[in-house]
Amino acid sequence: MHPGSAVPPVDLSSIVSVAQAEGEAAGRTPADVWDYLVGGSGQEVTLGANRTALDALAVVPRVLTGLSERSLHCRLVDGEARMPVAVAPIAYQKLFHPHGELAVARAAAVAGVPYVVSLLSSTPMEELAACGGSLWFQLYWLKDRSRMLDLIRRAEAAGCEALVVSVDMPAMGRRLRDLRRGFTLPADVRAVHFGEQQASRDIAAGGSSIASHTAMAFDPSFSWADLAWLAAHTRLPLVVKGILDVDDARQAAHAGVAAIVVSNHGGRQLDGAPSSVDVLPAVVDALDDSVQVLIDSGIRSGSDVLKALALGAHGVLLGRPVCWGLALGGESGVAHVLSLLHDELDNAMALAGCGDPSSIRQLRTLTPAARPGGRR
Amino acid sequence: MHPGSAVPPVDLSSIVSVAQAEGEAAGRTPADVWDYLVGGSGQEVTLGANRTALDALAVVPRVLTGLSERSLHCRLVDGEARMPVAVAPIAYQKLFHPHGELAVARAAAVAGVPYVVSLLSSTPMEELAACGGSLWFQLYWLKDRSRMLDLIRRAEAAGCEALVVSVDMPAMGRRLRDLRRGFTLPADVRAVHFGEQQASRDIAAGGSSIASHTAMAFDPSFSWADLAWLAAHTRLPLVVKGILDVDDARQAAHAGVAAIVVSNHGGRQLDGAPSSVDVLPAVVDALDDSVQVLIDSGIRSGSDVLKALALGAHGVLLGRPVCWGLALGGESGVAHVLSLLHDELDNAMALAGCGDPSSIRQLRTLTPAARPGGRR
Amino acid sequence: MHPGSAVPPVDLSSIVSVAQAEGEAAGRTPADVWDYLVGGSGQEVTLGANRTALDALAVVPRVLTGLSERSLHCRLVDGEARMPVAVAPIAYQKLFHPHGELAVARAAAVAGVPYVVSLLSSTPMEELAACGGSLWFQLYWLKDRSRMLDLIRRAEAAGCEALVVSVDMPAMGRRLRDLRRGFTLPADVRAVHFGEQQASRDIAAGGSSIASHTAMAFDPSFSWADLAWLAAHTRLPLVVKGILDVDDARQAAHAGVAAIVVSNHGGRQLDGAPSSVDVLPAVVDALDDSVQVLIDSGIRSGSDVLKALALGAHGVLLGRPVCWGLALGGESGVAHVLSLLHDELDNAMALAGCGDPSSIRQLRTLTPAARPGGRR
Amino acid sequence: MHPGSAVPPVDLSSIVSVAQAEGEAAGRTPADVWDYLVGGSGQEVTLGANRTALDALAVVPRVLTGLSERSLHCRLVDGEARMPVAVAPIAYQKLFHPHGELAVARAAAVAGVPYVVSLLSSTPMEELAACGGSLWFQLYWLKDRSRMLDLIRRAEAAGCEALVVSVDMPAMGRRLRDLRRGFTLPADVRAVHFGEQQASRDIAAGGSSIASHTAMAFDPSFSWADLAWLAAHTRLPLVVKGILDVDDARQAAHAGVAAIVVSNHGGRQLDGAPSSVDVLPAVVDALDDSVQVLIDSGIRSGSDVLKALALGAHGVLLGRPVCWGLALGGESGVAHVLSLLHDELDNAMALAGCGDPSSIRQLRTLTPAARPGGRR
């Protein structure tokens, strides 16, 4: 629980679904931090569309498939995962709990799912690597290319298993909640992968120190050529995160990446962008299994994971719900959320007649537009 | 009415529609039992979709068909029914009224519609058979195959006219309302078709004794081969309940069943499954009248029955509304609900110009997607 | 205003749209009469769909058509009307105002639109004929064919210009509001076209005397052959009211009627029937101008009339809004509603670039389904 | 702020989005003026559809386009603009702030966007021309052709760069809010481009003096031939504002206009007309870049501008939001709104991977109807 709060600690066992964790965490998180976590950009139309599209999508279960056992194990990028889920990169996790990234990385390691370290982590990746799980390191493209190479070398040395390059942040989306509040990071939370100097400058600057990172350090002119350069400068498999257009997906595949993440950044970047699941089928069709397709933005249950996989995704990234768990109980809160998601997906697979993640792809799906309109 | 309650007994004649019974029963049922009855799984998206889809579907009435008389009689599976409706299998009906299954079976017998005895009935099927109506016996696939055969022999001996095999319960859906409450059966309500020992063990175990039944006794590895074995071991016609996929429907037909029930278990199993009526037309087309197609999940009025039949179903199963009636007035409550449904369907057929159930199939239907969009 | 009410008389000039009249009238009408007027059958899904479908439909206006004058005049059935609108047959209009049908017929005459006398009028048609407007007489098919012929002869003698045969009442829809209240007619309101004896019997019977009319006097076995017989026994043009199916529309045209009314009886008969405008385009296409197509159910503004005509209707019937006007101010209330509708339609035609009703048919329409989905 | 109001002056820097300005301005504007500003015609269905359609439309962003710089500059009609936005003609701007049009024209000049002077401006165009920005003059077709020519000569002399002919006002839409209130202009606000006499007559007449302008002075018989005459009598480029039909768009192009504005007049003319964005794609396709296509009605954010351009528009007109700014702080209020819109569009372009307005056209769009319905 957040220090200083008078709300009694939550009994995790009373939380019986991932979605329920949101309401419980809301009451235990300072309002400005909560707004930073759950908000989207602009009028939050895309944020809302993520849920609307998932709710409108139906998956047709199969029966009598004769499976007594199920395995949720799968390969994600180049490693094994105990379910087709990874923890999405989320900046500054100490905002939500003093243990921050360490608590999340530990819970992810225990759950057997990859943890994606944000470039803007408030804990050094080396400490997280000590948790023993599978780590992926997330990068935004930096103006200072040598500093970027340094970080990549550190990630390689720390044993990170993939580089996730987030390409949807040429600028930061206008998060109106933060702008209205003038949200700034507290003194004890900073982006430790940036040098001391840089971090302090941000804090001194006041205002939205988070937005200023983006403007100061990130390079908006990042291009496909740069991606090729990056691929040539690391031995780690690349994951390109933040793709929605089918031609961009094709170009990423062409660039030799191991996976893409179809994502609208949880509705935090272009307000007006489509929901991830609305563009997923076309992307899957275009790639034809040449690279893995992961997806995020709005996943809130095992049933949502089933839906994403039924549309052709190989796995999902889970963002905010992990932070709800973190806010609720540090490592055990995150562990609880991940274990609920596992149980929900396991249950959904059982009910859909699927023995493993790959068989989910064979399920039929129905969307409102595609509904059969009677017999004549 | 439920014993011990201070709410005055309801005047059944003031209830003029099946749908109205819900509100009246809610006030007369303990909250945990009510949640057990009306709840769905997960976020209850499928539960909601059942109603949304039925409401969005329109049936085009015919006029001047010259019928002065109507008959609602029809064949369901191998027997006669006074309307194209059967009472769905619902576990533990003593939860809703001390007379439980007996009250329902009597009312169904009087109404002339089949009553499907749940495997988890709190009254022995032999007592229900004494009511004189048409009984069907519902099975989940048991790990203990010999116990299952015993039950089938009992059902045959008791004069049951069909075996309904529910295939959508390889595991139990996550009913969050029950999980949150830790809902358990009261001491005087138990699944009498399970041996003494089994039932007591459940109660002792505390927690969701209902979920534990499923896990302990039901066999998730149930397959098409097992269904073939079952068909070879009973002389009763088989009804496979819980099909949504068109290929599963075809396979059931191929397996020689007499009927299938297109059902999402009233939104209680896979949350994210489509509404039954959204998949019905494709299933009907695929089967081409080789087996009967029944449907349930969300039927709440005679107009809904008309819609289901207009999409090609041969009959419907009615679930929760029967229990509303039971909670409201035991046998007479159920009788009132069934008689309202009969009157509503009779009225709907009159207004649609249909003299019998089979002519309903000739009506045109319109769904939002299929609506004609103007003349150009 | 209704006698005995303490609500101050309404200032009609403060009512600036047809739709606004509803709210004003609600406060000035006894609750049971109001429910009888505005209610629909069953769960009122069709009642709601009438508005949803009209609101979802868009009409594309034309510009620079160079018209300084507009004429709303048109032919309806075999007569002239000052706008493409007729007053729908509504039973027992004395319920809403002591002057009842007389007030409405006078206002309609002044407005230059046909008034359809209901078979269940509480004022004799001969009194209404004295108002000097264009009268149409509406019939339900009576069990007693000679009594029906008598009424037709009276209608012919009184100068009625058309016979409107309502074919959507083989039984009365289940109006739950009335059933719940046990609504009955007050002693001073009765269906005067039925003999003394008949009317008194109804009142004595108590209960829903209106529903009993239907059951006792109306013949549900009415067929296309009977319609042909009727056509042979009157010199008046026939209008068949209550058609929704395209084949029924074709058959009516084949039977030589002058017009049909596409109608779901204002959502009062088959709940689950489509909205009128959703089926209108197919009906218009099928008939190909061989007979006139009128439409009712849900028309509440001049813009709605424009929409109906843009989909191909030749005119509309206005139901409940006329009774709102009646309740608000007798003849002047009705006159106000009709004059508002005229002004609204005139304005809509001006804004759409239409000089006369027939040119409205040339306008493009857009429905949600038909909306162009971007350029690729 | 409006004189005499007790609401404290707004801190503009606390307003972080164009949309937010609405709520702030509502509390600072007299209710009748507010209703005049934000209201639509009839039941305001079209008003609502403008927003629904924009929200339902999604634009698919591109990534890694390698742009470090963006330019929002573009050509609008025959001039340069600093973003693809012009200030829509809005009558009587002194209603919202004592500085009225002058404040708006100054802010527009500073922002580098064209300001469209309404025919019904409460400030003479010559005073506005002195602000130094790009002015366009908007005309309704006047009965008195010589007075119209005088105004055109004045516009040419004042340096206006285009004539905007609004063709969607053959009559004024029925704005029920104003009719209910009997809204009239205060004594100090009048249409100065009409002679003294004319203006006073209006005020004396009481009632909706605005509606009476339309009826008295505007010529509803305005035709394509008149437009041709107008084109022959001015050297200014013509913009035809208020087109929704694709054939009208073609005819305007044929008439040699420089641009059209696809517009439903902000939902204030034909209630029941489609939203502008719903008809835009067909219009763009038909014109094939032969003339510019501008659009207005419902634009409330940079994301909305992006959507309009992605559907093929060359620019947008911004109506009511400009007046919110005006009400909030005169010139600085308008400047703030325009600068927010600039920042929002700049941000949206960055996030969509667009370096200039024309590249926005290459983005894919998705509408509900066009959503891909799963893979099978």
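When the chains are written out, they are named A, B, C and D in that same order, and each has its own residue count from 1.
The rule we apply is simple: a contact is a pair of C-beta atoms (placed from the backbone, for glycine too) under 8 Å apart; a residue touches a chain by one contact, two chains touch by 3 or more.
Here's who's who by UniProt: A, B, C, D = Alpha-hydroxy-acid oxidizing protein.
Everything numeric in this text was worked out from a predicted model, so none of it was measured.
Residues touching across the chain A and chain D pair largely diverge in numbering: under half of the numbers involved belong to both copies. Centroid analysis (C-alpha atoms only) places C farthest from chain A.
Chain A and chain B carry the same sequence, and matching their CA atoms takes a turn of 90 degrees, rounded to a multiple of 5.
Note: centroid distance chain C to chain D, computed from Cα atoms, is 41 Å. Averaged C-alpha coordinates give centres for chain B and chain D that are 58 Å from one another. Each of residues 57, 364, 366, 368-369 in chain B touches at least two other chains.
Across the complex, chain A is touched by residues 42-43, 45-46, 49, 53, 57, 167-168, 170-171, 173-174, 176, 179-180, 219-227, 240, 242-248, 251, 269-275, 278-279, 281-282, 284-285, 310-312, 364-370 of chain B. Partner chain C is touched in their complex by these residues of chain B: 14, 16-17, 19-20, 55, 57-68, 301, 303-304, 306-307, 343-344, 347-348, 350-353, 364, 366, 368-369, 371-376.
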